[in-house]
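Should a chain be cited, it is by its letter among A, B, C and D, assigned in written order, with residues numbered from 1 in that chain.
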Amino acid sequence: MKNKKDIQSLTDERNVLIDKVGVKGVRYPITVQDKEFGTQPTIADLDIYVQLPHDHRGTHMSRFLEVLNEYHKDSIVENLENFLKEVKSRLHAEASFVNVRFPYFLKKKAPVSGIESLLDYNCFFEASFAESYDLVIGVVVPVTSLCPCSKEISEHGAHNQRSHITIRARFNEFVWLEDLIAMAEETASCEIYPLLKRVDEKFVTEKAYSRPRFVEDIVREMAVRLRADDRITGFRVESENYESIHNHSAYAFVEENF
Amino acid sequence: MKNKKDIQSLTDERNVLIDKVGVKGVRYPITVQDKEFGTQPTIADLDIYVQLPHDHRGTHMSRFLEVLNEYHKDSIVENLENFLKEVKSRLHAEASFVNVRFPYFLKKKAPVSGIESLLDYNCFFEASFAESYDLVIGVVVPVTSLCPCSKEISEHGAHNQRSHITIRARFNEFVWLEDLIAMAEETASCEIYPLLKRVDEKFVTEKAYSRPRFVEDIVREMAVRLRADDRITGFRVESENYESIHNHSAYAFVEENF
Amino acid sequence: MKNKKDIQSLTDERNVLIDKVGVKGVRYPITVQDKEFGTQPTIADLDIYVQLPHDHRGTHMSRFLEVLNEYHKDSIVENLENFLKEVKSRLHAEASFVNVRFPYFLKKKAPVSGIESLLDYNCFFEASFAESYDLVIGVVVPVTSLCPCSKEISEHGAHNQRSHITIRARFNEFVWLEDLIAMAEETASCEIYPLLKRVDEKFVTEKAYSRPRFVEDIVREMAVRLRADDRITGFRVESENYESIHNHSAYAFVEENF
Amino acid sequence: MKNKKDIQSLTDERNVLIDKVGVKGVRYPITVQDKEFGTQPTIADLDIYVQLPHDHRGTHMSRFLEVLNEYHKDSIVENLENFLKEVKSRLHAEASFVNVRFPYFLKKKAPVSGIESLLDYNCFFEASFAESYDLVIGVVVPVTSLCPCSKEISEHGAHNQRSHITIRARFNEFVWLEDLIAMAEETASCEIYPLLKRVDEKFVTEKAYSRPRFVEDIVREMAVRLRADDRITGFRVESENYESIHNHSAYAFVEENF
């Protein structure tokens, strides 16, 4: 029988610090804070990494999952800092990192009929703990955008399409995912809904037509709103418009103090 | 040193005929026939399978790639039947199958300015040879759809979006991919273009507004056109509209003599 | 102001029956039955369709979401037949269809240490109601496959990789997703786990080495197991092996009485 | 008829500089330089952006496609700097950006039989021109990785899997994509091939078993090789191992002078 060395604990002489090493694409049920209902169960896709000093050969991959198992029943947003401290400590690392991507549902009321339905948003947290805790929260908000140029030059109608507004934000006071989602929906030509009756469809069609927005307008209005929110210390905003008249997207990106 | 059996050639006693076995997701440069320019180089994603009789343990996976290597320089459409016969023969099989998926480019002329650009279409062939040759050709055509209901009930504007019309067709006389693409583009509210100047954008906006189509209308008009083409013996048509006012798609599907 | 017709209710003279029309890609939180814990909350991706007679112009897309809203709090597996009847009735259709795709988690015990973790499986239901109820249940089970040929011809080692075994089954007596998952895990070279300690990693490595399986073996052994289960009346089985020595997959497919 | 303003040329008073605005996901046939054959035709997925000053309302999206049309027949690698200068000038911008992602094929000789086949690599260029030209070249190289720990602790065999090594590099002297691909293939447990005969399969199985590599080893050996190449001035290296014993990946990332 072979002699079984703990190979991961050997020293390494190649003198290469590894910025991030760990597990990627772990699916896991989690609980997140919900502004209206307290908490919401959802399913996350997680990456968990540590920084590895140049003189350690390997990390112990199973420990990432062990720490995750200990935290999965609690609301992960409230505990992300402790989770990262625990990962950092258990892996004897200088820094730890976690990305948490998950769908999040909000109840939407149709604008005229008031009929309710649930809309899904892709949300995420990107957090790290080196000397201190750093947290970025993010949302991808599906909206309608309607082209100002198309409206201006055409006798009737204007091309419009689904767009994704992606926001990443750092803050100095708690910000709800719901707050970022609301900002994006106010910025777009119109917000979208899973369930619309005829009176609602008339409303959203006319609202979008009355609020044309270029992809540039969307990221700029988002920037103005995010700047105006005292809780937010820095941000990145992207908008991708899946153009209905092309087979490619229009795209814009703004970053401030991020 | 171990005795090396040719395990794939062993007999199998589980009495299970395998409908399809082979390689999936092989990327390969190919040449396809181009109505305007003779041939067009492109890059395919291929699946190649055979039927495996119940008494053979395994197939020789390397032979699929060997046959592919012998054919890759020729126009694969013209040679698909020979390719399948060769696979069937080389693998000692009762039936052989190939799926070929590839992007295909057509030169589009903007409707008013006449400015040219290249639009990509996802196309595919699904072919088999058991006792005789069977070929299905397919195209996925990106178009604009504009909602008749939204237009009817709204004072101004109408929601519209990118849609994908997917056609699968069998035929008794040669049909160009270009022919199926043209049918789909004539059916939609408007065709799409990579490059549009202001005069063109006005044209496509107004054209889409003047030709509203439900997802049901799209598949029905496609069915009427496909029935009317004497070369086509059977078909499947799908349309998926990536609704600009929802976060889901509207979808319809029709199949006749397929 | 324009006169607002209910366009969807107009008659249609193109004489094309639409096999399926409805909504596709609706994300929704659902509850499914869990063999160990009673129920499990998860997040589904749904398609809901009806057949549309040739003389109706359009369907009322909002009704699909309305029916969904009424069912979302109950365990959807137990109520899928009623859900389909309700869709069929509310849309005045001859047939209704639903696809439900969702991740499902099972607690796995590492084979030696007994340490527990949660593994995700992509599961699905494909159901319809025309004259009677038809239900197909499905699972995609990630496993390890190890190549018998590579083992046989090599002095040391054998190439192995992650594989996906996909099962679709019809049955005449209730079958748990857990039952299909267990069959697939027993068939593979080795089952997989999110969390393995060193003793477990030794176990799974040696177990996979001792149970080499071609992609053909996997689908055949699945077929033998599925035939032997009296509850199961028909099935489709696929295995896709993401070969560690190639950039493509090995694939096999068997269908019986499906 | 409405008065048609050129809305994109209006001034903007929101005082937000847009870092990047343009078109995303444009598919286009291109030609790239090939070390062995001079040039290789392939199909790219392109993003083309400019920086937009705070006082301009919008950019003219059609101009991106116009410039692309003028360049598509030439080898895009050789002309990327001129392409970016032209985009910058035509859009009156302070900076221009382009991402070009494309599959690239190399002829591989099986290690023992010498039989030839074509392997696909996802490659990319990320380039910009603000005050000067900046180019990052990149490759994603599929390889085999075999786990040192699994080998060490097990009586027989060792788990192995397909891994993707992604390299991004800046350089002061021309570097071929082929050079980066060769570095990654030398670093892995074994390189992969589309077509292997039995003698080759024995060779790659035994080679991988004799060269176990953790994900940490892969990125470190890559870092050592990249540092040793005088042409390369900075780099990022990632490795993602699609673990055959888990349903998630092992991942590592190193960045130096990038």
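As a convention for this text, contacts are C-beta pairs under 8 Å (C-beta built on N, C-alpha and C of every residue); 3 or more make two chains touch, one makes a residue touch a chain.
Since the structure is predicted, the reported quantities are computational estimates derived from the model, not experimental observations.
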**Prompt:** Copies chain B, chain D: same or different interface, half of numbers shared as the threshold?
**Reply:** same
**Request:** Mind checking the rotation angle between the two copies, chain A and chain B? C-alpha superposition, nearest 5 degrees is fine.
**Result:** 180
**Message:** Relative to chain C, which chain's C-alpha centre is the most remote?
**Reply:** D
**Message:** Between chain C and chain D, what distance separates the C-alpha centroids? Give it in angstrom.
**Reply:** 34
**Fill in**
Between chain A and chain C, the Cα-mean centres are separated in Å by 28
**Asked** Which chain B residues touch at least two other chains?
**Response** 4, 26-27, 120, 149, 153, 155, 194, 196, 198, 246-248
**Asked** Which residues of chain C touch chain A in their complex?
**Response** 4, 6, 26-29, 41-43, 62, 65-66, 69, 72, 103, 105, 115-118, 120, 194-198
**Message:** List the residues on chain B that touch chain A in their complex, please.
**Reply:** 119-120, 142, 144, 146-147, 149-151, 153-162, 190, 192-194, 196, 198, 201-202, 204-206, 208-210, 242-248
**Asked** In their complex, what parts of chain B are in touch with chain C?
**Response** 1-2, 4-5, 7-8, 12, 14, 16-27, 47, 49, 52, 57-59, 61, 148-149, 152-153, 155, 214-217, 219-221, 223-224, 240, 246-255
